[in-house]
Amino acid sequence: MKNTFGNSVAITLFGESHGEYIGAVIDGLAPGIEINHDYISHMLTLRRPSGAISTPRKETDEYKIVSGVLNNKTTGTPITILIPNQSTKSSDYSQFKTVARPSHADYTAECKYHGFQDSNGGGHFSGRITAALVAAGAICKFALEQKGIFIGTHVKKCAGISDADFSDLSAQINLVNQKVFAVLDETVEEKMRSAITAAASEGDSVGGVLETAVTGIPAGVGEPWFDTMEGMLSHIMFSIPAVKGIEFGAGFAIADMRGSEANDSFKIENGNIVTATNNNGGINGGITNGMPIIFRTAIKPTPTIFKAQDTVDFKSMTETVLNAKGRHDPAIVHRARVVQDAATAIALCDALAVRFGTDWLK
Amino acid sequence: MKNTFGNSVAITLFGESHGEYIGAVIDGLAPGIEINHDYISHMLTLRRPSGAISTPRKETDEYKIVSGVLNNKTTGTPITILIPNQSTKSSDYSQFKTVARPSHADYTAECKYHGFQDSNGGGHFSGRITAALVAAGAICKFALEQKGIFIGTHVKKCAGISDADFSDLSAQINLVNQKVFAVLDETVEEKMRSAITAAASEGDSVGGVLETAVTGIPAGVGEPWFDTMEGMLSHIMFSIPAVKGIEFGAGFAIADMRGSEANDSFKIENGNIVTATNNNGGINGGITNGMPIIFRTAIKPTPTIFKAQDTVDFKSMTETVLNAKGRHDPAIVHRARVVQDAATAIALCDALAVRFGTDWLK
Amino acid sequence: MKNTFGNSVAITLFGESHGEYIGAVIDGLAPGIEINHDYISHMLTLRRPSGAISTPRKETDEYKIVSGVLNNKTTGTPITILIPNQSTKSSDYSQFKTVARPSHADYTAECKYHGFQDSNGGGHFSGRITAALVAAGAICKFALEQKGIFIGTHVKKCAGISDADFSDLSAQINLVNQKVFAVLDETVEEKMRSAITAAASEGDSVGGVLETAVTGIPAGVGEPWFDTMEGMLSHIMFSIPAVKGIEFGAGFAIADMRGSEANDSFKIENGNIVTATNNNGGINGGITNGMPIIFRTAIKPTPTIFKAQDTVDFKSMTETVLNAKGRHDPAIVHRARVVQDAATAIALCDALAVRFGTDWLK
Amino acid sequence: MKNTFGNSVAITLFGESHGEYIGAVIDGLAPGIEINHDYISHMLTLRRPSGAISTPRKETDEYKIVSGVLNNKTTGTPITILIPNQSTKSSDYSQFKTVARPSHADYTAECKYHGFQDSNGGGHFSGRITAALVAAGAICKFALEQKGIFIGTHVKKCAGISDADFSDLSAQINLVNQKVFAVLDETVEEKMRSAITAAASEGDSVGGVLETAVTGIPAGVGEPWFDTMEGMLSHIMFSIPAVKGIEFGAGFAIADMRGSEANDSFKIENGNIVTATNNNGGINGGITNGMPIIFRTAIKPTPTIFKAQDTVDFKSMTETVLNAKGRHDPAIVHRARVVQDAATAIALCDALAVRFGTDWLK
């Protein structure tokens, strides 16, 4: 289904960075879900560039919902979110029309779209499109919270500087959902910001790792093959531009463990079956086991940098040197985390609707 | 679509470990593709347990193709592969009916299937089901080779012991596809085997990392959002039991790089656009760039071990200690690599058919 | 998804008429559904050719279920049904390899599969494949009955001879489900049989109309656009070979009515909202209204007849005259009705699972 | 996928009659397709109510395309069409909030959406939503024409008055595509218009039959099971509000024919295989045979009429009499025909992209 994701709850993204609107259609959400505009705006604000560590492009993300909502409640029919593009400087991008930015999509877009792609501002490949994903995910995330399911993401690593590990999930999810720069250990924020600024001052960029936790998800959600919970989450996470890896629970570290060390023993706590450790990140055999879902993504450094780079002009088929201009983030990891929250919320709403029917979130 | 994967080429898996047959239906492959039985048998042999480092369960995997093939060529209609289960000792598994193996799917199956699941031999969650995936993938992998697309996977790490990195892809893909224990550096095989045996002798198990390379894939395949090449590959890879992470190109290591270091410069070589490095694993913006696709998966240590483990009886809701019996692998990473080859081949055939139509592989 | 149908409950069909097995995989059915083998056999018997009005090809349809069922209950994982092909005379079909039977799929198969199609016995286009659909649908139909949802189909018309209309649905659904030749008015059976025999004696064939009724379906199932209840039912019904039309409620006759005549007034009966008439066949705006679903399909006369027919040899590209040999039905309408029951049951199970979750049928 | 249709080319519809916008997202169209605004406007004009035989609600349908198009060419990424709602009188509809119009979706919407549906102007069930379908279909229809594939629909019957049959397809498709009231026999237009006016003057409504022809479609498109050409076309056609039946080729009339009469003999004409008749409507075994695709739909009389009707108030659960007010069409058959053209174009673009790849329409 290409640019659509989901079985029972499905999202379609559209728009180009410098078009009139970007947006999303989300179909299959239960009727009667409250639309909390403060909640949506808050999440959009967290995604928005801010201060010295982001692109100078500023937009207020004045989204509007033009279908599927009445009196601030979902109607059950497709919800369409539109976000106007306000601050567009297409001239900045004219240089990328035929000269490919290394590690960006300029060249692959050419291979797929044969010169018809909209390259202004990165077109359909712009990270800006994720604003629509965030707005749609905000509706889902708020709905999940009403059912006791909470999602939070922190910057586990940025520019090689590590944040603390999750320890008290409930409190920490609540904490990071309020923070602009989502770290658990307050002392690392300034270090990360400095590292981003330092890279920016050299015309360079940095990457990082995002860690997401989900609490309250019922056991028994997901499928044994293909539409495993990991499979569905990873499928959508790789749509966050810059994600190059995902790992659940102990992730790649589990590869070095022995079974006796990696296995999560079951025990009974307050009448419920829980595990003593959570190296599997809440998923066994593709299906949730009732423990928190934990996963991390690898975010590559922003590809558009201001250092001279060797590249090609794919129209003239000549080698050249690119000196990028324009407004580009020296890091997106701190902004991408709210996109990761949103994508998680959408994938979970879908899996829950498949399992429990379309009214479950009502 | 749950236990079905793919848009234009779709695979459905079925069967339980101790049922009459496991199998797969693969639909959408072009007509006229040669069925090379030696090739399929070879891949099934590579998946099969062998020697001291595997389960003593031995099966010959005498698959048969009962539809979609005539005169050793695909007809274009759904291909059904059946593999009979021969060596089944269900009594070994009676202990897991209500006592959950830590990190296995016994408990999550109960949550999803309410006691109706077939727990004999792990039922539908058994790694044995992957034999059908391998047979289906073998057809796809052979077909891709006729179009100049080659896939190979090696055991990048096992029990903490690392193999060499890919250097000469063409030769090394050819090499690993012939080897039972697929490592690039011959000297590490014995070390890995010894580590597996050592763990087994303690009733324990080990995990590892698998690295896959794909050469010859055309540029321009994949979608910008959701059905990205990474999203589709990761979606299917998490169906390989024990996979807990996936990373493309430099993967998680890219998170610590600066953009100037991570970016893959473009250059022209023999009239073609290539990149100087391949930190993005052949994919930019979700779309192939013509460079080799490179990814790694984290394989957790086999959950069924012979050490005593704390767990619960989910029927009586009591805590208990599990002393597992039966035939279980102390490691599956060396067997899983051919499953990863197969899954890769299936996902690529699908993406190519979406892009170029159903006749492309003919 | 090509040869797969359904969102939450999905069926995949495979097999060729003269292959080793035909079969079906049905995925997404709730765990714990009883498998009633008498019920399945009964439905397969109703599909089987019988007596003078059918093909002399006789098969016992000894299906086996090789996955997804344990102790006669569904496990919740994919159910695979295999039906061996026993009575195959491929030599009868050698004449159709390059000489296209008018109105059959010989020529279109060539256009799609480029000569690689299995033309023996009609290959994948054979009506025989519907035996697998019937077996899968029988599981669904029996499950629906346990939830109070009943499906029945009668031969509304055959060779121009009309059966009575449905009047007392509950009794009549029960009646037709027991009958080999499903008519409501017993006096028409003999007339229809005679007409079939008469056509057969001239080497010709006849068609007819099948009418299906469904009672007990809850209101509120189906989607407003695209996955409307009519859209989903029609999608699957056109897979019954020979169906060339479908109409719901008053169907094409409604085109000649005025609104005041066609509209189904609502009223309250025993505390429930019902309609006084049912010209809409139980569906308004694509969504069930709680009234019986009623639809009819047009079944064309069997295309393989024994009269000389003008046609072409598509290999030599010459015009020729076909004198068909072999075993072919002079009518299939009386056999197709149980296929229509089965297809209806599958589509309804899917729509109900989408609406109410995967456990609903349990 | 609910409110989304298609595999390789997919359309999602959204919007409510009295919301800010209705619209469509169409994804998967090849890059480089020309956007002909005159063509789109022309098709929207044909859908628009006009004169005495339509609702007095007048809108200019000033659509805008906000994504996926650059310099009047498709970019290959999702195309979003927005149509603002201008002339909305929600007060007219307040009466239907709890009092169900017979044969409309008021009551089924309540069953599905539990009171949260937007009932203003029929909400998401309004025929107005089809304006977005028409705009999207217009892009597809124009693109198909550039590849030699032409679609035309005429009012085969209205209020019991029949139009001529198709005879010279090329000329007649061209003719009807220019006409506001699409009939082949000019003399019947006035009769049909008079019949509509007569019904309207009595506060009543009429229905009809629409017949569509497609020329130039290549042979070999469609699947043998489930995604048959008939199955895909019927799936989307039932999304045209008021369609209650569909038939291909000879349709229901074929049920009364003998095989010798119904079968379409093959012959060779100008070096191509064609059929002497076209009772199968260009489709054999679910796959196109290269002959024109012909199908007809039954359009029910508009359910909202101005005569008093028995119905219920589903909130108070009381019987009542409805005297509808507002602006409602006494017939929609003449307007629906362009919706049928559009839906046909979309389904064909999808089937062609599945078969020949995403670049085929370029």
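A, B, C and D label the chains in the order they appear, each numbered from 1.
Basically, a residue touches a chain if its C-beta (ideal position, glycine included) is under 8 Å from a C-beta of that chain, and two chains touch if they have at least 3 such contacts.
Keep in mind that this is a model prediction, so the values were computed, not measured.
Chemist: When B-D is set beside A-D, which has more C-beta pairs in contact?
Modeler: More C-beta contacts join the chains of A-D.
Chemist: Among the chains, which has its CA centre at the largest distance from chain D's?
Modeler: Chain centre farthest from chain D's centre: B.
Chemist: Between 0 and 180 degrees, and as a multiple of 5, what angle does the rotation take that fits chain B onto chain C by Cα atoms?
Modeler: 180
Chemist: Chain A to chain D: how many Å between their CA centres?
Modeler: 38
Chemist: Can you work out the whole-Å distance between the CA centroids of chain B and chain D?
Modeler: About 45 Å, centre to centre.
Chemist: Which positions in chain A touch two or more other chains at once?
Modeler: Expected reply: 1-4, 7-8, 13, 77, 112, 124, 224, 354, 359.
Chemist: Which of the residues in chain C come into contact with chain D in the complex?
Modeler: Chain C residues touching chain D: 1-5, 7, 13, 100, 102-105, 107-109, 111-112, 124-125, 129, 157, 159-160, 199, 204-209, 218-228, 230-232, 234-239, 241, 243-268, 271, 273, 275-276, 279-281, 283-290, 298-305, 307, 309-312, 314, 317-319, 333, 354.
Chemist: Taking the touch rule as given, give the residues of chain A at its contact with chain D in the complex, in rising order.
Modeler: Residue positions touching the partner: 1-4, 7-8, 10, 12-16, 19-23, 25, 27-28, 31-32, 64, 66-68, 70, 73-80, 82, 112-118, 123-124, 359, 362.
Chemist: Residue numbers of chain C touching chain A in their complex, please.
Modeler: Its residues touching chain A are 7-8, 77, 224, 354-360.
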